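Quick one: the structure is below, questions incoming.
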Amino acid sequence: MIDVLYFAWVRERIGLPKEQVETSAATVAELVDELRQREERYALAFSDLRALRVAIDQELTEFDAPLAGAREVAFFPPMTGG
Amino acid sequence: MIDVLYFAWVRERIGLPKEQVETSAATVAELVDELRQREERYALAFSDLRALRVAIDQELTEFDAPLAGAREVAFFPPMTGG
Amino acid sequence: MTVRVQSDEFDAGAELNAFTGEVAGAGAIVSFTGVVRDVDGGLTAMEIEHYPAMTERAIAKIVEEAQSRWSLAGALVIHRYGRLETGAQIMMVATASRHRVDAFQAAEFLMDYLKSRAPFWKKELTKDGEAWVEARDEDEDALGRW
Amino acid sequence: MTVRVQSDEFDAGAELNAFTGEVAGAGAIVSFTGVVRDVDGGLTAMEIEHYPAMTERAIAKIVEEAQSRWSLAGALVIHRYGRLETGAQIMMVATASRHRVDAFQAAEFLMDYLKSRAPFWKKELTKDGEAWVEARDEDEDALGRW
């Protein structure tokens, strides 16, 4: 089980900020593929990965990063702080 | 008659902040030459023009600037504001 | 190094004075304050979302990177989240160093990285509705200079 | 534009807040504060001489140049003269703009020009005596980037 978090418009499109996901995905990209299969709202949120960023256990990473040992994966648009 | 002002170590070397000078010098450089003739302290203050800056009527200028119409000439080292 | 992530308002002037008092010996202090501006005449407020578990850590990492690049006597980052009305202060950065160039560069570095690498997302609320602020290519490009 | 040349102390935080209040609409505010630092452990005070008839005018000209180069919502320069103890604030600059890059660049430009083109001269007073601060080549060189 892994905690999956969504922020900003990713959160709005999927309709929830956080959920627990049972997955055997080896990488973030594989997890995204599993989520896309679930429902239209996931497919919509993940339709363009170039518009998304991902963090594993609160560290920015890439979509090909391995999920082994990860407790928390977060998806969000490019950040707009400052 | 022209007001001649000195600042910082130029003022200290010459020993006064301001004086009135009767001159027919055509340029700042000619005025400097006249002052140098006066006394050792002037010769010392004006020994290296590269270490000095000059303003005519409160505007920075060059040593070859004409003095015609000038009311106030100021000599000082490179500025160290900020 | 001080990093604060909060929904409360802050007093930029009081923060600047407190920071200046803490970095005795530094000759140069630079601050940046970001304010909610009414971009097109229709903005009523801004809503800032963040990723609480990650935010302070991500900012601390950015500040550490700045400290490794420049000789700093101190660095301060305050960033708000939640609803902010037009004219409200969003965030501030302050840096202190012996030399002005270091203080300026470190402050600009912090701002560039906070823009694109700290987990905040801004939504603009206008009379006509709401819209997430899109990241600008030039903000991403700005990282290239460091 | 506000330019103040004074021997009195000033409150940088209060000045920053007042400035921020005046430039409503600007999203980015940058400030620089210069402080008398004890360079080698022996400084007791600094004495700043200036050229009263020229100072405000020279600074105003520098600020006007900054305003012509960047889109500024406001600019503030305060510079002190006279005797300043270690730790005292010497001067401050603040700039406001819609964009952070403009505010930063204008503040750095103002600092670079105030260093080398505003008629101030600093003398350091130490236990061993006094010495005029020499202009540094790098301060003159800094003007080359603008």
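In order of appearance the chains are A, B, C and D, and numbering begins at 1 in each one.
Just so it is clear, contacts are C-beta pairs under 8 Å (C-beta built on N, C-alpha and C of every residue); 3 or more make two chains touch, one makes a residue touch a chain.
Bear in mind that the values here come from a model prediction, so they are computed numbers and not experimental data.
Look past chain C and you find the other chains held together by touch in these sets: A | B, D. Taken together, chain A and chain C share no touching chain. Inter-chain centre distance (chain C to chain D, centres taken as mean C-alpha positions): 23 Å.
Taking each chain's centre as the mean of its C-alpha atoms, chain B lies 26 Å from chain D. The centroid of the Cα atoms in chain B and the matching centroid in chain C are 48 Å apart. Each of the following residues of chain C touches two or more other chains: 34, 100, 111. Of all residues in chain A, those touching 2 or more other chains are 82, listed in ascending order. The complete set of chain-chain contacts reads A-C, B-D, C-D.
Contacts from chain B toward chain D in the complex involve residues 5, 7-9, 11, 55, 58-60, 72, 74, 76-82.
Here chain D touches chain C in the complex through residues 11-17, 20, 24-38, 87, 89, 98, 100-101, 103-104, 107-108, 111, 142, going by the rule given at the top. Contacts from chain D toward chain B in the complex involve residues 34, 49, 51, 53-54, 57-58, 79, 90-91, 111, 114-123, 132-135, 139-140.
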